[in-house]
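Two complexes, one shared chain (chain A), two partners (chain B, chain C).
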Partner chain A sequence: MSLAPYLLRRLGGLLLVLLVTSFIVFGLLYLAPGSPLAFILGPRGGTPEQIAAVTEQYHLDDPFLLRYVAWLGDLLRGDLGYSIVYRQDVSALISSRVGTTLALVSMAAIIIALVGIAAGTFAALRGGWGDQLTSTLAAVGLSTPSFVVGVALISVFAVGLGWFPTFGSGTGGVDTLYHLVLPAVALSVASAAYLARITRAAVLEEGGREHVQTATARGLAPGHIVRHHVLRNSLIPIVTVLGLTIATLIAGAVVVENVFALDGLGSLLVRAILQRDFAVVQAVILVLVVAFVVVNAIVDVLYTFIDPRITLGSRQ
Partner chain B sequence: MTTPSTMSLAVARVRDRRRATGFARRTADRLGVVGCIAATILLVIALAAAFAPLVAPYDPDYPDLLASLSGPSPAHLLGTDALGRDILSRLIWGSRITLAGPGLVIVIATVVGTLLALLAAWRGGRTDTAVAWVLDILFAVPGIVFALIAVAIWGPSLATVVGGLAIAYVPYVARVVRGASLRERRMPYVSAAWLQGQSGTGITFTQILPNVQPIVVAQAVSSLGFAVIELAAVSFLGLGVQPPTADLGLMVKSGFDSVLRGHPAEAIAAGTLIVLIVWCVTVIGDRLTSSARSMR
Partner chain C sequence: MTEPLLRLDDVRATLRLRGGEQTLLDGVSLTIGEGESLGLVGESGSGKSLTTRAITRMLDPAFRVTGEIAFDGASVLSMNPAALRRYRSRDVGMIFQDPRAHVNPVHRVGDFLTESLVRDRGVDRREAERRAVVLLDEVGVRNPEQRLRQYPHELSGGLLQRVMIASVLLAEPRLILADEPTTALDVTAQSDVMAILEEQRRARGLALLFITHDLELAAACCDRLAVMYAGQIVEQGEHVYEAPSHPYTIELLGARPSIDERVDRLPVLRYDRATHELLKAEAS
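This part shows the complex of A and B:
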């Protein structure tokens, strides 16, 4: 299959999944106990104006399927609804917070890539006690929830040593990056451990291949062999896992942001759930799911570019 | 006339015992040394949790406000929390929910996922396509988001979170089991059973299911580790188990407030126990997975 039809088909599949998930997120309101109107306004009740506003926003006077189409139309125009608690447009709330989450996830991704690949390669090449130590640390890292790491980091580096701030996301720029160091580490521990495992296995497998033996027999420098023959070929599983990991970080950020009281999408979501601010809950969940699906799709496509041996569109 | 029956009873009992040691031996072989250690630790924690009323030195909810935030002492081996409750007793009681909640999640997900996978594998064609499609959609939502959605609709409680997470784990079980059952379905013994006139349901449950069972169990145990982490995380966020119930995720949360005041005992104890539980489960899951693979 050539490239253009393949990409088109992938895009079609992606749009279909997005359509279905958006319908599910839309339908959440109707899974809730009681009438949609009562659920959105909650125990606060509502003035006639509020009732009219909610009815208009959710198109409650229309038939069910028309409501979905109208809601989707609003969505595509960037109208995500109106927050009852913040008395603000949800799109404004989200756009002011998405930066923190994005910075947190990117920083964690960089840490995961650096630490995971370095530790895995070290374990595979060093062998012996180095391998034992790295594998044991990786097993413990994989078993540690991000919020436990977060609490431990705050306890040691913020409260104990005072090297880092305890809470908040700073005043922007370098200060924000400084505030994000501990959260990013907390978010990355489990994934870095997992990537280290994958890297170790990939490097070990690649190191035993014949082309590596040939390179060794030809007398190439060991460093050159590791960089150009072993690591290069191990990249395929590593990049795949790294990509899929970044997608899961989007959900993991929800927990970490709440530990460190960062003003990102995750803390917005949890507060909105507790305050029963349904428009915000719906919008943030939609953003998280769309980001998750899109990142996964991008990884899938990139994967076929990295390894020319994979035929386009083959399902395996 | 009684002699033969008691004889056969005795024989049956001997055979039973032999099977028991055989089972123990086989399990030990599959787990390896580290796996056996992990299984033993997990068993001790589970037994302590199950017999919490007998094992725990104090009532987990009894607040001794005069002794609040006291360090480890002979009276309170791990010290007390901000309300003066005995941390060790709360750990023992908290392990109940931390083990039972995720256990329930995995049981539900495994039963539903396995049934879906077996159905898809046996029927094939359109049913298979439909099931694969539903699984793809479920995969599009990250696990913890299912739990958050459930809480947003039905309010924070253990039952809601368990329900949400159970749905989240269905596709992981179903994907693995579907692949394995499709492989079994093409085996000659399945055609043989079909030729003997066994029904589709019969073949699925008496032939295919026993053969994919090691994979089902391995996948269930591996998922359990993640479920423990996610359920504890949701409780930590204040959206799962509600205070004053003792739960390890909640204890890290309340211990976190004490950490900021310089008393890390509760957070350290609860965090360590969670890591220990997940480590044991993950090790056992890894061993079961590799032994299930090597049976192929």
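This part shows the complex of A and C:
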């Protein structure tokens, strides 16, 4: 299958997934107890007239399906809705925050790829104590929650040594990257540990393949064999895990953004859920779903470059 | 007497296991002269493949190898890593049983063929590809330029084995080790590949160690035969096929099915480890 029809098919799949997830999320929020009224009108509640006015303004009394269809219609016109908490268009709210999350996730993805692949390859090739050490570190990394890592990083590198800022996303550009170093590390520890284990297993398996014996028998340099035959052929499992990891990082950023007080999509989502800001919750989740599907599509296309035996849309 | 190209003298390979040791090559001695071909035959597990691995020093590190392996006078077992790489790259070429598994599936055929030349010999990529095309043509691959750009999975097993042979010839070695090069192929491809290997070998005057369990094939294309059993060479020489002297070889040759008469049951070899040990004890 060539690229264009393949992407078209993936796009159709994406729209279907979006429709289903939006319906589920909309339904769950509808069923969840609590209402935005309490937040809008404050802790003392409002007069019956005020409640009626707000209910009328946000269509809070309309039946479920009607509200869903109305929201869907707005969405098709490019209108993500209006946040009743921030009194702002949701699209403006999201676009002002998506950059932070994107930068955070990209940085974490780079750290995961570099550290995970390097550590896994080292463990597989070195064997002995190097393998033991890496496996132990990976187990510790995998079992430590990111908020614990975050707090530990803050107390050591921000408060203790003063090398990095404790919170916030900085003033843009290099300053933002500087502010994002600790959060990105916190976000990447568990995933890097996981990728290291996958890489280790893949390198061990590929290293034992017959074609590696051929390369050895031809007297090729060990470094060349590792790069061009072992690592190159291990890329399928590595890229699969890396892709899935990056997709889940976007959701994982929720916790880390809260620990480091970053104004990204994650912290926005948490606050919106707590305040029953339905339009924001819906929109953020749609963005997450789109990111997830797009990352997976990219991984699928990458497969065809990594392994010539795989063609787009095949089941091999 | 001048030194042969390859000389194995009392080579033993011992595998250290938890419950003791197991000797899988038990004093193998053989020689191959320049341009000579030796057929190494024997049943599965007799140590044929281990012998080729020992010659290229590719046995698992768990093996302890003793004895002497000399290539053109140089001791293979005491080579340093650089000398070993040079020896593998320039002196010996190895043709494996299953080309499908032994050629990296993610690189193009052209990259496989030219890899060693470009990497280790400093040959320009264009020049390496030109040589590869010439060789592919010589081993009977049609449209060689097009094949260079294809991936291994797009080629048939017989074609891929020819590619493997071409890759070995490209390195211009002095000795070819062929470990059952035709076993994984279908019958028609087998004879083609064998004919090509033999033709190219003779044309270039290369020495060959040919491993197979096909006695007749080995007898047909090799100058000498060596018969292996239980990690030992029980018999070797120029007339093993016509006039076997060791009981195992005699029985093995007698067990060949004949096309002239029909038999209900194929004969079973009665020669086993116990007989082997007994004979060894008598001999010493």
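The rule is simple: the second predicted complex is superposed on the first by the 248 of 316 C-alpha atoms of A that agree within 3 Å, B and C clash if a C-alpha of one lies under 4 Å from a C-alpha of the other, contacts with A are read in each partner's own complex, and residues count from 1 in each chain.
Going forward, a contact is a pair of C-beta atoms (placed from the backbone, for glycine too) under 8 Å apart; a residue touches a chain by one contact, two chains touch by 3 or more.
Worth saying up front: this structure is predicted, and the values here are computed from it rather than measured.
S.K.: Return fit or clash for chain B versus chain C, each positioned on chain A through the superposition.
M.R.: fit
S.K.: Could you say whether A:S96 touches chain B, chain C, both of them, or neither, answering first, second, both or neither?
M.R.: neither
S.K.: With both complexes overlaid on chain A, does A:I306 touch chain B (first), chain C (second), both or neither?
M.R.: It touches chain C, and chain B stays clear.
S.K.: Just chain B (first), just chain C (second), both, or neither: which does A:Q132 touch?
M.R.: neither
S.K.: Classify the contacts of A:A221 with the two partner chains as first (chain B alone), second (chain C alone), both, or neither.
M.R.: second
S.K.: Quick check on the superposed pair: does A:T21 touch chain B, chain C, both, or neither? Answer first, second, both or neither.
M.R.: first
S.K.: Please work out whether A:Q213 is in contact with chain B alone, chain C alone, both, or neither, and reply first, second, both or neither.
M.R.: The answer is second: A:Q213 touches chain C but not chain B.
S.K.: State whether A:Q88 touches chain B only (first), chain C only (second), both chains, or neither.
M.R.: A:Q88 sits against neither chain B nor chain C.
S.K.: Applying the document's definition of touch, where does A:H229 land relative to chain B and chain C: first, second, both, or neither?
M.R.: After superposition on chain A, A:H229 lies in contact with chain C alone.
S.K.: Applying the document's definition of touch, where does A:L142 land relative to chain B and chain C: first, second, both, or neither?
M.R.: In the superposition, A:L142 contacts chain B only.
S.K.: Would you mind checking which one, chain B or chain C, touches more residues on chain A?
M.R.: Of chain B and chain C, more residues of chain A lie in contact with B.
S.K.: Between chain B and chain C, what minimal C-alpha to C-alpha distance in angstrom results from the superposition?
M.R.: The answer for the closest chain B-chain C C-alpha pair is 19 Å.
S.K.: Quick check on the complex: what are the chain C residues that touch chain A?
M.R.: Against chain A, chain C makes touches at 56, 58, 84-90, 92, 94, 96, 98, 101-107, 115-116, 119-120, 151, 153, 167, 171.
S.K.: Which part of chain B faces chain A closely enough to touch in the complex?
M.R.: Against chain A, the touching part of chain B is residues 136-137, 140-145, 148-149, 151-154, 156, 225, 229, 232-233, 236-239, 249, 252, 255-256, 259-260, 262, 264, 267-268, 271, 274-276, 278-279, 282-283.
S.K.: For the complex, give me every residue of chain A touching chain B.
M.R.: 17, 20-21, 24, 28, 31-33, 139-140, 142-148, 151-152, 154-155, 159, 166, 247-248, 250-252, 254-255, 258-259, 269-270, 272-274, 278, 281, 285, 288-289, 292-293, 296
S.K.: Under the stated contact criterion, what part of chain A meets chain C in this complex?
M.R.: Answer in residue numbers: 209-211, 213-221, 224, 228-229, 232-233, 306-309.
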